[in-house]
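Multiple structures follow.
Common to both upcoming complexes is subunit A, partnered first by subunit B, then by subunit C.
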Partner chain A sequence: MEDNILEIKNLSTSFFTHLGEVKAVRDVSFSVEKGKVLGIVGESGSGKSVTALSCMRILQEPGRIVGGEILFKGEDLGKKSNKEMRAIRGNDISMIFQNPMSSMNAVLRVGDQLTEPLMEHTSISKKDAMKRAAELLSLVQIPDAEKRLRAYPHEFSGGMRQRAMIAMALACDPELLIADEPTTALDVTTQSQIIKLLSDIREKLGMSIILITHDLGVVAEICDSVVVMYGSMIMEEAPVDDIFHNACHPYTLGLLNSIPVVTGDSKNTRLEPIPGTPPNLLQPPPGCPFAPRCAYAMKVCTEKAPQNTQISDNHRSMCWLLHEDAPDNFLKRGNPIVR
Partner chain B sequence: MSDKDIVLQVKNLVKYFPVKRQSIKAVDDVSFSVERGTTLGLVGESGCGKSTTARSIIRLYKPDSGDILIDGEDISGLSRKQLLPYRKKMQMIFQDPYSSLNERMTVSDIISESLLVHNICAPKDRKDHVISLLNKVGLSAGHANRYPHEFSGGQRQRIGIARALAVQPEIILCDEPISALDVSIQAQVINMLEDLQSELGLTYLFIAHDLSMVRHISKQMGVMYLGKIIELVDSEELYKNPLHPYSKGLLAANPTQDPRITKGDILLKGDVPSPLDVPSGCRFRTRCNYAKPICSEIEPELKGTDHQVACHLYQ
Partner chain C sequence: MLKYIIQRLLAMIVTLFMIATITFFLMHAVPGGPFASEQKVPPEVQKALEDKYHLNDPVIKQYFDYMSGLIRFDLGPSFKFKGVTVNSLIQRGFPVSAKLGIFSVLAILVLGIPLGVIAALKHNKWQDTCVRFTATIGITVPSFVIATVLLYIFALKLRILPSFGIETWKGYVLPVAALSGYSVSFVARLTRSSLLEVFRQDYMRTARAKGLGESKILIKHGLKNALIPIVTVLGPLIAGLLTGSFVIESIFAIPGMGGYFVNAISNRDYTVIMGITVFYAAFLLIMIFIVDLIYGLLDPRIKLGK
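For the complex of A and B:
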């Protein structure tokens, strides 16, 4: 597994609140291949952002990593000191956030913010750093880069701010970029521009990307493989084509069926929503977190956590229906919900 | 047009917001009509005037000019007092289910507030009415005495819908009712809105930026750009045969939801110009690939019978 840039093994993260322990991430394992885009999909509260924050070790109190390993190029980030982590953040791994309005400093010029990671991680002069910052802004297709360096964030539109955020993240040529809902706050038109930009940059610089999103459309466009999370656990992991055309988990199928099909005749077809609401993570269901909302739930689903079933080399699903003792094998029967 | 039962008609609606000595032309000469029991979808990028249109129709804003006809009666110039009976015919569902419910009121108080204002049902029946409304939106009687913070986003949106239904309106203006919700919950709310429509014969004005959802729920769609409707057509037709270059770009930008479909080129580049400084002639010309000299001189009008489009390419 030489070509995996990041490997997460049995990661568990909890928030120790006054109400009790909230298990935000439970036993999550996945790996990111070099130069590939991994999508993490899930609803709000499913633990996708906390997984990312854990990787960067920027969890806020009362959050703590309670177990597992985060192997970045073979080294466990969980064991690094704060000083060592500072050298990695923004340099080897960088992150962009959902809201481009609030993740920039409103009282600093864009140029000063762009040069900050460069000054922090390299021994570059301010003048050269500014030059590099202008290059970065043109890399993310902001016209008039040199002039724009002197602008303040409020002079940028939402899309431009997100571009500037990406430029900032790219400043030190990171090997891994974690993008936490980078397009959620943007219009569809700007969203498609940003997605195009991310995939162009990935090709140009050969870095890996973890893309966190709740939008399956975004996943379809840019990701190579997908991790589906629900109730702080991984439900299914597969290459993107398998997720859309050979999904083997009722939750993934439910998600796919709750979005209207864009192509073909969409009229007169009713959406099939997933009934119910996501679980309360203070008292997560003892078995599969999805069992209370699952149309195919069996007795075992409510009692024991589901097993990992390997469907093919890189496709696995956590569902009791795939167990060989399940009454009517889910796989043999084919997908119950035809898309 | 005369044989159709038009419940809401908007004629040349204009709403400007003054900013220093200039004005933001938020809604600039918008006209459309909605048939009873159907849904008109309004789409466009943020800042194009979708929400201002809805808020002007329900008179949260006073329009600068233009007519708003509800069942044939113009309400654009009415005073607060005169508006009261029309408010009963028209209700609104808001985007953010968190800020649109008063945190200090119980669900039952939130829903019954409009019953009090409009003096709709006798005090002894009020509780039953609230419970029947809660049941209608998929909540139970036990929820009536709780506070909004005890509910999830999707449930809060249901409370908002129950509040809108309380006065038995004919028209509901839905201002991005699903964009703050999770994917699996969005479909629940959309299905519920569809059921309520067929059960109660409601008319919706549905605003959203998620094009696939708008297409799913709407019969007709209007595409807005910088305060103007630039294309107004049957929603299936818009997807099959969009005419305006902006509509084409907007549709092309919509994710395909399928990795096997490779998406075409991005047709829309750049950002929407500032509404303070609207381009002369056609507002879209600065981003349009087909712009001709005439586009900067003359503003195209919305023309056509069934498929209306405002573009010099088709005039």
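For the complex of A and C:
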């Protein structure tokens, strides 16, 4: 399809550890539209990072992609040679990570690290690369850019480092930016600044973004569509409005229920985390991974994996309750938890 | 920076002074003296000898006499080698030991570090197993055993290398192998574990995500970080190698510092013990200082002098 920059089809990734095969991503499919922001949400350990690392093919041992296709502009990245992949990383697809403190190399100057993708992917001179790096730092609103290039990462604050990481990712004008929890390690004020920056940059440069987060507030702010992951599988995929107003999966509803709500003049904060713990991915349950924690679970949920139910054109959900044979169709009842 | 260097130099002088003082009094606290063991010497002669070297002065006076010499870099005469000063003893012995040591240091750099890198790159493959196995032997087996085995194989059985003396380059092979076996193994193992640790770091993933090649990631992002813990141990290791090993030097009949030192201790050759101790300590302090300077160059988070 022309409008999709990235299409993931039935991606499965496992870690082959001494204890056995950890199924970190199971049969995940989604696509990212050109110029749009796709959010991936889910509790930690649900397979979001591994999905992203699989797209870049930078999984560390003992992780391996065991199945599926990763179509970037129609070409399967899984079939590319290492050399071809290297030419794509940091150039067509780039990535920023959760912890800006440890994601920069402490013994190299910021300027050195910023120019690296440019020197790797273009035939620019070191001097011009430095000039471009200074522009990039200004783009991510780091003042005094030229001087900052000579600094070391430890002289930057967390927020500034994440800005520098973003600048680094933007160096070669990528078509797709994968941001893996870019704000999780930052304080609240800095978080919203970084999100604002990402959304400004998207507007200015027009690239597509995959934004991984477990913060639904961030999703509401900048995402166009959302993938909800749990226990290494996709539970629900929908446009952002549908996620907030027409969620169909009990897990999505649970997530929505666990965000603090501020209404009108009286601050009414309500926070209800979903009880229970995520499944063991060494031996994932045969049925729906969420079934043991699901308040609406039926017998079939623990026995057979749920099927995809298409709610509308671009809204799908994986839940037995949505099956036509389910008692008192969940959909017809509306959202019992939220309402 | 200059202020830091001056501070460090002053601290080194104070440390040296304290080492000299402690060694001096400990040495004198041990019963016996340089001339006590020579039973054939009549008591008058022994007394005369002791007088000549001021050994019958109060210890405190001897101490001040010695220290005033030390300040002028005069380490005094040897009691046992008649007419030889400690300075000339060190001048004679140190270059021999140091030459052996320099080859051993080279062995660390061209064998120890690369072997560690290979082992880390081939983690859990046969190359890694080989390096780990050899390094464990190098660390656990004492140098004199290594020396003996090497001598047996290469000098006695194969007859391709001489068993003693350092007249030709061939003579260096076995003593250097025996002397550096431990250090090379230790550095190889440290390099391996340090690199494996670095491979797990987030910045390595960042480098990979930029599309850099594996060798560039390893050299530019990996090695510089992995070297930091290695440099720390390199200082004392190098100091130890350059100042010689009595065992190796006596097995291979090499006239280095180590031999002088051990003889001096059994003979209570006070000035030689003192001289070599102070020299060794000064050398070690200088090496540690150099290591700290390199450390500061490698790791910008370390601010020297703060």
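In the analysis below, the second predicted complex is superposed on the first by the 329 of 339 C-alpha atoms of A that agree within 3 Å, B and C clash if a C-alpha of one lies under 4 Å from a C-alpha of the other, contacts with A are read in each partner's own complex, and residues count from 1 in each chain.
By our rule, a residue touches a chain if its C-beta (ideal position, glycine included) is under 8 Å from a C-beta of that chain, and two chains touch if they have at least 3 such contacts.
Please read all numbers here as calculations on a predicted model, not as lab measurements.
When the two structures are laid over each other on subunit A, do subunit B and subunit C clash or fit?
fit
A:99 contacts which: subunit B (first), subunit C (second), both, neither?
second
Touch test for A:108: subunit B only (first), subunit C only (second), both, or neither?
After superposition on chain A, A:108 lies in contact with subunit C alone.
Could you tell me if A:91 is touching subunit B, subunit C, both of them or neither one (first, second, both, neither)?
So A:91 only meets subunit C here.
Which partner, subunit B or subunit C, touches the larger number of subunit A residues?
B
With subunit A at the apex, figure out the C-alpha centre angle toward subunit B and subunit C and round it to a multiple of 10 degrees.
Approximately 70 degrees at the subunit A centre.
Per the contact definition in the header, classify A:72: touching subunit B only (first), subunit C only (second), both, or neither.
So A:72 meets neither subunit B nor subunit C here.
Least CA distance subunit B-subunit C after superposition, rounded to whole Å?
8
List the residues of subunit A that touch subunit B in one complex and subunit C in the other.
In subunit A, nothing is touched by subunit B and also by subunit C.
In their complex, what parts of subunit A are in touch with subunit B?
For subunit A paired with subunit B, touching residues are 43-44, 157-160, 187-193, 196, 214-218, 220-221, 223, 240-241, 244-245, 254-255, 257-263, 265-267, 270-275, 277-278.
Under the stated contact criterion, what part of subunit C meets subunit A in this complex?
Per the stated touch rule, the residues are 123, 199-203, 205-213, 220-221, 224-225, 228, 298-301.
Which part of subunit B faces subunit A closely enough to touch in the complex?
45-46, 152-155, 182-188, 190-191, 194, 209-213, 215-216, 236, 249-250, 252-261, 263, 266, 268-269, 271
Could you pull out which subunit A residues touch subunit C in their complex?
53, 56, 58, 60-61, 85-91, 94-95, 97, 99, 102-108, 116-117, 120-121, 152, 154, 165, 168
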